[in-house]
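I've put the structures underneath this note.
In the two complexes below, chain A is the common chain; its partner is chain B in one and chain C in the other.
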Partner chain A sequence: MQASRARLFKEYKEVQREKAVDPDIQLVCDESNIFKWTALVKGPSETPYEGGVFQLAFSVPEQYPLQPPQVRFLTKIFHPNVHFKTGEICLDILKNAWSPAWTLQSVCRAIIALMAHPEPDSPLNCDSGNLLRSGDVRGYQSMARMYTRLAAMSKKG
Partner chain B sequence: MGWGHLGRHGSDSDDGTEAGPSTAATEPRRFPLAAQPEMMRAAEKDDQYASFVYEACRDAFRHLFGTRVAVAYQNETKLLGQMLYYVLTTGSGQQTLGEEYCDITQVAGTYGLPPTPARRALFIVYQTAIPYIAERISSRIASRGIVLADSESAEGFGENVHRSHGSQITGTGPLSSSGQSVTTLSRLKGRLSAFWLHFVQRWPTMLPFVRELLQLAIRANLMLFYFEGLYYHISKRAAGIRYVFIGKASNQRPRYQILGVFLLIQLCIIAAEGLRRRNFTSIAGSVHQASFASHDRSAEHYLPVLNEEGTLATPDVDKGSWVSDSSSSEHHAASGVSKCTLCLSDRQYPTATSCGHVFCWNCITEWCNEKPECPLCRTPITHSSLVCVYHSDF
Partner chain C sequence: MESEDDMHDANDVESLDDDFYSGGTDDAPLDYYSDYDDDADDYFEDADRIESRRPEQNFTILKESDIQQRQEEDITRVATVLSISRVLASILLRHYNWSVSRVHDAWFADEDRVRNAVGLLEKPIVQHDNTGELTCGICFENYPRARIEMASCGHPYCITCWEGYISTSINDGPGCLMLRCPDPSCGAAVGQDMINLLTSDEDRQKYTRYLLRSYIEDNKKSKWCPAPGCEYAVTFDAGSGGNYDVSCLCSYSFCWNCTEEAHRPVDCGTVAKWIMKNSAESENMNWILANSKPCPKCKRPIEKNQGCMHMTCTPPCKYEFCWLCLGVWSDHGERTGGFYACNRYETAKQEGVYDDTERRREMAKNSLERYTHYYERWASNQSSRQKALADLQQMQNVHIEKLSDIQCQPESQLKFITEAWLQIVECRRVLKWTYAYGFYLQEHEHAKKQFFEYLQGEAESGLERLHQCAEKELQPFLCADDPSREFNDFRTKLAGLTSVTRNYFENLVRALENGLCDVDSNGASLSRATSSKSAAGSSKGRSGRVKGTFRTSMSSRMNDDSHWCCEHCTYANVKSATTCQMCYQRR
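After this line comes the complex of A and B, so read on.
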């Protein structure tokens, strides 16, 4: 408990200091609870998610960093490895391949990498996975782009 | 209650004729007060028997309704078991099994009569129901408080809501000023509800403090018991139920004054510690302020000197300089190599894995309990292969 708090505090300071270094990730800690974080990540370029801003919710367990944080998308996203309704993410480093050397910031980077490289063989969103597995890249991309437009872009744009 | 009185008189005379002719006749003889060891032993026995009843209740529950229900109503079953035990023994005017075992019996009042049914009922309620109810209420308030705090933090406008709520209350006051009593009543109600809300919000943070206070109260009661030897439980103290010894007067029974002295010393130390800490924090606060003030003053003092010397160092000395200074020094430390990648702090007892990565001893052993691989390169490691690098100079 104390260890996790100390470590999260370090990460918080690190995030404050390196705010400008990675403009694609904006990681914010909850005002009153250091175990709750939210992140805004930009959709990677040359993907159907380009131009969108996706919100992630982090729920950090008390055993952190021995246990991985629970991350889910708050913004709706059409992606083979993200549950369409709950926003749950299927990513090995958030499950069994977790290592305490990861930080919340690096988890965000991993999620951006996952957005750029979907893994259709372990889908949480079967529709999206099936599109990719049947080779209909264009179909997948147009669906993903549509949902990015609908959910992840500001209304005025 | 007649029989108890009679019975007591009968045994009294029995005792007189049997025990000794020396001091029997002149004044009405009383039973000696029970000694502390007997009371404590009786209480222990009672606890044990009550737990037997509780376990029986629990088993019955489990057979009737299944394990899930039994676990969900665990506290209620416990209450039922204790209630059953005390109602069947004390409630029906008999000795409890523990009291019987130790040859003591309950008395109350100045004349040492057996306690009235009302008093016994009061004792049973104090002993069993009150702790349960208190626990229940406290947990409910705590959960409400947490929910409230959560919703507030979720809204982010907690203060505003609170304030607008308050203004509403004060706003309704003048509006309905036609009926004076009504306004005062509503205002009182509003204040009460506001106070209640405040109380509910504060309760989760106050809970450990209250627990500690309760612990202190129990300890103080124990200390008094060691000194005067009357009431072992707070519930008995509240109900005014004492014990007399009705067995054969035996040899000298030990008394526990010395334990009471020790407890008194402990309580005094705790009190002194609490006082000292409060003083210390206030002193620390004032010192902090003072140091800040002096720092400020020195900085102000410093500024003109530098100006006289030249413009070389002036950009450094401005108001926000400490903050930037500390962060830059930290940055310097962070760029050094002595950080552990697991806790992100300075390495404590640097420990190397067989693959050559270095962490704190605590960090890497804890992770090794979770998963025996290096956090950085996933090389399989074992506890025994970890080497604490005592004689390193990094």
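After this line comes the complex of A and C, so read on.
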């Protein structure tokens, strides 16, 4: 418990310091609970998620960093490896490939990479996975772009 | 080539292995048959037997200490040959599934590639000067150098974080054997030295346990004994013939190839089919085969709790019948053209022993009926075997001692009884599988089928004789007050029956494994069998060991010219008979 809190506090300070360094990621710690975090990540360019801002929710276990944090999308996203209803993410480093050397910041970076490189062979969103697997890239892209526009862009845009 | 080489191809390297293993084989205390053999020879002159009892054994049972020793020796060998530390050798072996030859091959083919794949770095990725503090890559705290540990890569983590990292990994399962540096981009292996340094006793034990298990489970030449609760492992040398039967020190016998229970003479594929069939139709069978059968006379339900098929209903009924066909026991004699005709489905159908309606006999052609027939006999031999096993235990634990007291015989002189029971257990097993064999025997191969059923019937009757002798005829001596004079006769009889039955079953297994190839054309086989009999007789069996022929009870019936072989079923009839005694066909 103490170790995870200490480590999270380190990360917190690092985030404050590094804020300007990575403009794509904005990590915010819950004011009352250091084990709850949210992040805003920008959709990577040249993907259907470009221009969108996606909100992630982190729930950090007490065994952190020996155990991975639980992360899900709060913003609706059409992506093969993200559950369309719950926002759950299928990403190896959040499961068995986790290493304690990862940080919340690096998890965000990994998720951005996942947005740019979907893995249609292990889909949580079968509709999306099927589009990509059957080679209908245009279909996938327009669906993803539509949902980005509907859910991840400010209304005035 | 990559995965098979250490099994077959790499003979030169393999010979190293062989030398190495044979050292262990000699000390391994696993020949629990051998002492019986020695004793039994006092009563028996059968030069052939020991040889056939122990075909060159191609497996070795390993206790935990043996496993550890072999593992240590393998590690030492790799460490010596590659001039690396034992820790690195262990990581390498683990990576190459404990195949010494594969480690050698891969290492000398391309050392750098191996080092990369396995994570054995020659120099650190990160260099540190020895002064000052270092930042732990997990908790991000600064620590003096003494509180920091690192794998060969040099990525620094504090001791507390290492402990947590390693402990989490060990508790996640055997994956901890492939532990790498926590840095996601770094593949440096974490060896046992660090594990030992940085874990609790409990975790260290778990790790050692995984390492030991890995040596057996990841190695293609070894397996755990599949019997529940058994902790022995078995190593097997492939390539020495088709015999995959392995018997563990825990007394469980299993097939190395498919890890089902031992199933000679039936092959693994047939066993798998049979087991699948049993489970598919088990619901049918469950009600067909209730646990009891009604007495054919008084209709009271009877549960079979003794080994042999000769049932006697409780007084006042006292009806004696055969458990399998529920027919009168007195019908099961030589008179009916076979000592124990009950196993022959076809015959039973033709004779119409069951006085059910014609309709039912029509139904007998139906496949379910046919399957039921074989399954019932398979299962009943299975339960007889279980019972015999329990009797064997009882015999060893209780009766032998008692008998020794009553008959004033040292226990070592009573081993013939244990041996008889061991043989019964083994015969029940073989017999059981012959029913699976029979089920899959092609219907149209008529001669084969009849020959098979004849052999099976002989086997069954021989076994019944032995079982009867070991079970019932022993009783008077157990209940006697004083030493009985007849005890020596009993000894001779039982030991004799054991030996004869053993020989018969060994020949049976061999013949079935050969696919009954002796039955190529009618009768031709018998002349061969006959000649081999005379050959064996002249040289006392020492050299005249002919595969797949029957020298024991069968050949005793076919003495050269005084017999003729039935063209239909191959049965050897006495010269005076004009119709076959087996199938009633005219000569």
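The definition used in the following text is that the second predicted complex is superposed on the first by the 157 of 157 C-alpha atoms of A that agree within 3 Å, B and C clash if a C-alpha of one lies under 4 Å from a C-alpha of the other, contacts with A are read in each partner's own complex, and residues count from 1 in each chain.
By our rule, a residue touches a chain if its C-beta (ideal position, glycine included) is under 8 Å from a C-beta of that chain, and two chains touch if they have at least 3 such contacts.
Being a predicted model, the structure only gives us computed values, none of them experimental.
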item	value
Combined model on chain A: chain C and chain B, fit or clash	clash
Chain B versus chain C as contact partner of A:65, first or second or both or neither	both
Contacts of A:92 with chain B and chain C, given as first, second, both or neither	neither
Touched partner set for A:17, first chain B, second chain C, both or neither	first
Chain B versus chain C as contact partner of A:6, first or second or both or neither	both
Chain B versus chain C as contact partner of A:127, first or second or both or neither	neither
Touching partner for A:30 - first (chain B), second (chain C), both, neither	first
5-13, 59-67 or 149-157: stretch of chain C that collides with chain B	149-157
Footprint overlap on chain A, comparing chain B with chain C	3, 6-7, 10-11, 14, 65-67, 99-101
Residue ranges of chain A touching chain B (in the complex, touch as defined)	3, 6-7, 10-11, 13-14, 17, 30-33, 65-67, 99-101, 103
Chain A-touching residues of chain B, taken from the complex the two chains share	149, 153, 156, 327, 330-331, 341-345, 363, 366-367, 370, 373, 375-376, 378
Chain A-facing residues of chain C, complex	137-141, 155, 160-161, 164-165, 168, 182-184
Interfacial residue positions of chain A with respect to chain C in the complex	3, 6-7, 10-11, 14, 63, 65-67, 93, 99-102, 106
